[in-house]
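The same chain A turns up in both complexes below, where it pairs with chain B and then with chain C.
After this line comes the complex of A and B, so read on.
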C-alpha cells in the first residue's frame, strides 16, 4: 500500500467525496428551516440517512478486505473510496448535527465518529510516509537479520572482554544479556531505551579506553568498535520496531472505536425515534 | 600441593568425556584469567573468583572479590570442603573428589550452565510488534460496543418500561433519561424535564398536541374558526412553532418566514380577509391602521394612517395650546404642562391609562358656574345630575330667601326664615326656575361644558341639556402590542407630534415610518433594531376561544 490509493483512477473517489460534501453544504446553506437547524428537519433526516449509510458501508470495508478475490472491485479501489468517503463524512455528519452538541448519546456518536476519522487520517499519513522511512532505516536488512548480527557481535564482544577486567566483563555481559528490542507499547512507540545496556557498555568501555595504557588500550578499543557497531544496530532495530508500531497503533483506535460508533449510532437512531 | 583436575568437556550416553591434568601449586586459583590454575573461560566468571587451599584440617575454599562461591547452595566466603562436596563457581560446578596416591586434592570441573543461544535469548527478551503486546482489537471492539449498547440503549429502554429502574438510575453519572435528550429543556418546562413521558407519552409516536394542551388548556385560536375555514391550521401542531430541547431560550418560534407563508399574501388563501400583505417589518408591512372614530358618535373602525383619518371623538382639546413653552394660566398662575401631566402609563407598561378629567383637567378647568357662589361646583360627566343640582340649588335659595339680587322678586329677597304664603312661594319658585334656566344655558354653553364638549340644547319643554359622550380609543393599535415602558428613554415627542397639533381631530399615533426610523425587519440593517413579527404581534389571540377544542378534534391525529 502506498500513495496509489490516494490517486486511484485519477482521484475518482476524491471527486466523489468533494461532490458529496459540496452538495450537502449547498443544501445546508440554502435550506432555511423554521427552527434552528437540527437533525429533525427534512434535510437533517436526509443527511443523517446518508451519514448512517456511509458509516455502515465504511465498516463493511473491514469485512471486504479479508475476502481475497471476492467481489468486482479490488481492495485497492475499496480503500481509496474508504478514505475519501470517510473524510466526506466529516461534512455530512457535522451538517446533520446542525452544530448542535450536548452531553448525550447523539454527540457521543459524533465524537466517536470524529475520533475514528482522525485515527484514519493518521493511518493514511502513516501508510504514505512510513514505508519509505522504514526502507531507509533498514538499509536492506530485516529486523531478524539485525538481531542475528547483534547476537554475533555479542559473542565477539564477550570473547574480546575475556581477558579484560571484571568491570568491563560485567558491562559487556549486561550488554549481551539484557539489551532488548522493543518491549512495552510505549517503548515500541518511543523507539529508544534511555537505559540501554549496550549503550551504557559502549560509554563505559570508551571512557576506560581513553585512560588505559598500552596493550590494554588496544584491546579496549577493539571492544569499543564492536560495541559501537552493536549500538548502531540496536538503534536501527528499535527505529524499525517504532515505525512498525506507528503503522499499527492507529488501528487499535480506529477499529474498536468504529464498533463503539456503530453501537452509538444504533442507540442514536433508536433514541430519536423512540422519543420522537 | 599436588592436585588432579578433571575437566568434563562433554557428556554422552556412553559417559563423560574428560580431560585430566595435574597441577603442582601452593593452592588452586579459579577464574577467567589464563594465569589461574583452574582456568574457567566464561564471561560470567570473575577474573579471579576463588581459591582452594590445603591446611592441617583439610581443604578450604575461599571466595575472592565479589564473585559468588556457593557450597551446597549457600554463598560462602571461607569453608572447609570434603570429598563429595559440590562448589558452584559461576556457571561451573567443582566437585571435590578423593585424592589418589601422591595427590593432595582431586577436583572435577564441569560447565553445567552453558551460555545459551544469544539470538534465541534476544528474541525472547524483545517484543517487536504491537500484536505481541497487551493491545487488542477484537475484544476491545466488542467490549466498547457492548458498553455503549448497555449504557445508551438497554438501560434507557428498560428505564422507560420499568419506572423503578428509572428511579434507581436517576443519580447515575449517565442518566437513562438525559442520555437520550437531544438538548436542554427550556426554562419554563425544566421542572418536569426529568420525566420524558410527560411529553413523550408513547414510544415511537411523535409528541401530540394533547400533551401540550393537558396543561395549556386555555391557549387561544389564531383566527376565528367560525369565519375562516382554515383557522384551525389543520396539519400544523404545537410543535410546528414550539420546538423543545433547544436550551433555556424561549420555545416560541421567532421566524418571519413562518408567518409570511400565509400573511405575505393572505388574500390568495382567504379571499374575504381584510388583512393586508405583511412579510417583513422593514420591507413589506402595511401602514398602521389604528382604531379611529371617524364619524361623530359612531363606533371606531380601523383606518390606515395613509388615509389621514380625522378623529371625531367629540372632544375639543388643542394639544399645542396646553404644551406651550411658557405654560398655561391656571388658578395658581402659569403652569408648565408636560405629557405626563395628563398621560400616565399603565402598571404593565403596555397601554396608557385613560385620561380622567378630575385628575388631569380640573386643576384649571374648575366646574364653577356662579361667581357669587364659588363653593358651588358641578359634578363632571353627569349632565342630567347637573341640571337637577342647579335647579335644586336655586329652588332652595329662593325658598330660603335673603337673596341680594336687585332684580329678584320680594319673596326671594325677604328676610330668611320668614314664612311664605302659597302665592309668594310660587313666585319665588318661578324666579328660581328662570334663574336656573339662565345658569344652565351658561353652563352648557361655551363657558363650561362647551369648552371641551359638544352640547345639545333641550329638545323640548320638558327636556334638559345633554353632552355628547366623547369616544376615545383606549387601544389604538389593537392588533399589536407597543410597550411604552421599553421606549421610555425617548421623549414622547420623538413619536407623537403633540406640540404641533391644533385640534383634537389630529390622530397623533405615529405612522410606520416613525417606527422604521429605528426598527427594521429580520434582515439586519446597520444601526437598526431587528424586529420580527412576534416583536409586536401575538399568534394566539386572547379574544378568540381556546385552541384546545380544535386540537382535540383535528390536530392530534398526526
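After this line comes the complex of A and C, so read on.
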C-alpha cells in the first residue's frame, strides 16, 4: 500500500545518484591531468569537495532523524536520498582517489567509508527482506505475548508432569526454568539453541514415553503435546529476536564507523592542506 | 410521628453538601440524607491522590463551603471540616428508596424502612447510580467485592470475576498476570465489550490464561468459594475472592418513582426543570449531575441557589453575568430575559425548550453578528456546530462550481445540521445574506438537545432529509423537481452489521447514506466476497431500479448507519426529468460494475476491507495504518509522537491486529461520531475544522473518554520534565536523549495532575503528523475511509 524507500517517488534519488556518478566519470575520463590522476588536480579537488560534502550530509541524517516533528521533507525521503547518494560516493570518492592507495590516513578514510557503505548496503537488504518475515513469524502475537503463552505452558507442563516420576519432573523443570530467549548479541543473532532445555525435555519425554507404565500413557501424551507447543513457540520467539537483532545490528557498525570516518576525513583534509 | 424538616437534601455530593451547608448557615431545619457512611461518594471513589479540577474557571463559586482545585483528599477534608463547623445535620447509611407526598409534606422512604418528613426536597443523588450486587445468599462475605483499584495488589489467589462487560474483562485480564482467574459470563459471547477487550479476553481464554464459564450464573456464595449454575447443572468453584462487575443501575427509575418526568426515553435525557431547578413535582428540586450539570463548581452553586429559592430569596443565576456579556453586541439596554424570549419566539426549533434549557443552551453557544457577505463556514471544513438564525438571512452555496447558485434561509431557520448528523465535512459554503444575528451551538449541546427534546429531533430530521437529497444526489435540480422524491423518502436506521438489502431481494428503493458507511458483498463460490465500501454522502442500491433486476449484492452497515430511502419510482422519475443527473448516475453505475469485476477477481482485497471494517475503521475519518512488509520496528513513529507531545506517545505501534501485512496500531481514528465526546463533563473534547479530534486544556481527568473510546487509544498521563537540547545531549550526554523515555519508571506512581491525552494528528505542528513524517521506511501512513479501496487493491 505504500512505497518503499527504494522506489520512492519513481526512483527520484536513484536518478540523481546515477547522474552524479555519470558526470563524475565523464569528467574523469576526459580530464587529462599533467601527472597521474589524483586528489590534487582541479578535478580531484572538485570530487573531493563533493565527497566530503556528501559525507557530512549523510551524517546529518542522524540529526534529522531525531528532530521529530521538525523539517519539511519526510524522513522516508531523506533515507531514500541517503541510500542512493551514499552509494554514489563509491564512484565519486574512488575517482577522487585516482586509484592511488597506500598505508596512510587517506586510504584509511577510504576504507572506513567503504565499510560504512557496505554496512549500509546490508542495512537496506535487511530493511527490504526482514519485515515481512517478521510478520509471518509472529502470526499476530508480539514477543511479549509469546513469552506470556510460554509461562502459561510451563505452568501446565509442571502440572501435567506431576506423578510421572522424578526423571520427567527434572526435565520439565529444566525446560521451564532454563530455557532462555535472547541473551547476548551472539545468542540473539543465532536464533536457535542446540542445547535448548525445552527441546531436550520434549525429546526426553518422547523417548521415555514408550517405556512408561501403561497408566501414565494419557498424562504423557498430554505432556508431549504441551511440550511440542512450547517448543514451537520457543522457536518462533527466538526467530523473532533474531530478526529484530539483524534489523538493528548493522547500525552498530554503520554509525560508530561513520563517526570514525568523519574523524579520518578531517585528518585527511588537514594532512592534505598542511603537510602535502 | 416523625420530625418534619423544612428541607431534606438527598445525596451528599458537592451539590447536596453545598445545599445542606447553606441550610445550616441560614439556620433552617434540615437533614442531609446519604447512602454511604462517608460524604460525597463519587469524589470519595476517585483514585487516591487524584487532582480535582475547578472548571469552569470563569464561573464564580457561591457556597458556604470552599472549593478550589487540589488533591482529592484535601477537597474532601475541607468539606468535612466545613460541614462540621456549620453543624450540618447529616444522616449517614440512609438510602432513599422513594419519595411520596407533596410540597409541605413529603415523605422520604429509606431502605431501613424508616421515613423522613420534609416540606421541601432537594434531590442531588448524582448520576453514578446503584452498583448492582450479586443478589444471592452469602454475598455479604468480605471477600466478595465490587471494585478493583489495583490488580497488582493480589498475588497467587484464585479469583472469580463475575460479569462480561468491559470492567469485568479488564479486571480479569489485569489479575491474570499473578492469579488464576475464572470469568463468569451469563451469555455465550462477550458482546457487550469493546472490540479490543473482546479480542483480548477471547485470546486469553484460548491461551488458557483465563478460564471462562459461559451461560453461567452465580447461585450462592459459600465459605470456601461459590456455587454456580451452568448449563450442565450446579458446580462448586473454590476461590479466594469474588469480584463482581455487574454495572450500575442508572438512577432514572428511582427518580421517576418519585414522580419526576423525563421528556424522552433516550438514556441521555434529563428531567425537565424550571429556571429555579424545580421539577414537575412542586417543592421537589433537582440539582447537580442529575440535573445535567456535571461539574463540581456548578453543582455547589446550585446547592446555594436552591436553598435561597426555598427561603423565598430568588437569586440572580450565576450564569446571568456570563449571558449578559454574550449578548453585549445587541445593545446596552436589552435584558437577558428579553433576548431569551425573542429566541423562543423567533426560532421554532428552539421553542420547545424550557427557559432553563434555553439559558444552558445559550451558555454553551456563541452569538454572531455577521454583515452581508461574511463567511459562516466553508465547504469541506470539518466543523460540526449548528447555527440558528435569530434575525436576518444566510445564503447556502451548494454548487462548488457556481457560487451564484444558492438557497437563502431566513429568520427562524437553521444551517449546519448535515455535518452534525453525518460527522463529516461541510457540504456547502454558507455566507451571511444580510446583517444577521446567528447562534452557533457546539455539537455536544446540540446532541444533548436532540436527545432530550423530541421536537428538536423531528424538526432537524425533516429539514435535513430534503437538503441531503439535494446536496448528495442532485445539486442542480430545483426544489420543485425534488418534491416527489422528498415526499416519498423515509429515514432508515441500522446498527453495525445490519443488512440494508440482500443479494436476490427485489429492489425497492435507493439508499442515500446520511451517516455511517456500508459494505457491499456478493456470494461467490459459496463465500461472501467484499466488493466495496461506501461512505456517507453517497447513494447505494441504484442498480436494481435502473436495471429492473433483483439486487445483485448484499449491503451491510459497517457501523451504525442512517440512510434516506428513496422510492424506486420517484428516483427513476427524477432521472427521467434530469438528463444530466441520469448521465452522472449512469457513469457511477458503470464505474461500480468495473470495480466489482476487479474485486471479484482479487478476493484478497475484499478480505483486507473486511478486516479493516471489523477493526472499526469504517467509522474513522483518518486512521494510522502500518505496512508491516516495510516496518522495521524501529519505533521511530512512537518516539516522534512522544517527543512532540509532552513525552507520552499517543500511539502504540506494536499493539493491535494485523491482517496479511496491514497492521492497525492502537491510535486514534478520529471517528465520525467520536465516542470519547459522549460524556465529557467539561466538554473538553473537540473537533477542529480539519477534522482532528483533540482534548483541550480544560480536561478534568475524569477518565470517561478513556472508558468510552472503544479502541483504547486514550491514556491518562501526567506532565513530564523538559529535555535537554539535541546538541547538549549529543556533545555532553546530558539528560535523556531524543526518543529516549523520560517518563517516571514503571512502578513509581506518577503524582499530580493527570489528564487525558490522545492523538491530535499533530494539528499544531507545521507539516502534519510526526509519526508518518518520522517513519524512515514509509511504512506508516494515514488514510481516510475513501481510500480503503485503493489500499486494499494495491495490497490484495
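Throughout what follows, the second predicted complex is superposed on the first by the 272 of 276 C-alpha atoms of A that agree within 3 Å, B and C clash if a C-alpha of one lies under 4 Å from a C-alpha of the other, contacts with A are read in each partner's own complex, and residues count from 1 in each chain.
Definition applied: contacts are C-beta pairs under 8 Å (C-beta built on N, C-alpha and C of every residue); 3 or more make two chains touch, one makes a residue touch a chain.
All values derive from a computational prediction rather than experimental measurement.
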Clash or fit, chain B versus chain C on superposed chain A: fit
Contacts of A:244 with chain B and chain C, given as first, second, both or neither: both
Contacts of A:148 with chain B and chain C, given as first, second, both or neither: both
Which superposed partner A:180 touches (first chain B, second chain C, both, neither): first
Partner chain(s) touched by A:114 [first = chain B, second = chain C, both, neither]: neither
Partner with the higher number of touched chain A residues, chain C or chain B: B
Partner chain in contact with A:16 - chain B first, chain C second, else both or neither: neither
Partner chain in contact with A:104 - chain B first, chain C second, else both or neither: first
Partner chain in contact with A:135 - chain B first, chain C second, else both or neither: second
Which superposed partner A:217 touches (first chain B, second chain C, both, neither): neither
Geometry of the superposed three-chain model: angle at chain A (Cα centres of chain B and chain C, steps of 10 degrees): 150
Three-chain overlay, closest Cα atoms of chain B and chain C, distance in Å: 7
Contact residues of chain A, present in both the chain B and the chain C interface: 148, 152, 244
In the complex with chain A, residue positions of chain C that touch it: 207-209, 625, 627-634, 636, 639-640, 643-644, 654-655, 657-658, 661-663, 726, 730, 737-739, 762, 765, 767, 770, 772-779, 781, 791, 794-795
Chain A residues touching chain B - in the complex, by the definition given at the top: 32, 34-36, 38-40, 100, 102-106, 108, 143, 147-148, 150-152, 154-155, 158, 161-163, 165-166, 169, 172-173, 176-185, 188, 237, 241, 244-245, 248-249, 251-252, 255-260, 262-264, 266-267, 270-276
Residues on chain A engaged by chain C in the complex (per definition of touch): 1-5, 8, 63, 65-72, 74-76, 78-79, 126-127, 130-132, 134-135, 138, 140, 142, 148-149, 152, 156, 244, 247
Footprint of chain A on chain B - complex, ascending: 32-34, 41, 43-44, 46-47, 65-67, 115, 117-119, 121-123, 125-131, 133-137, 140-149, 152-153, 156-157, 160, 178-184, 196, 200, 203-207, 240-241, 243, 246, 253, 255, 257-258
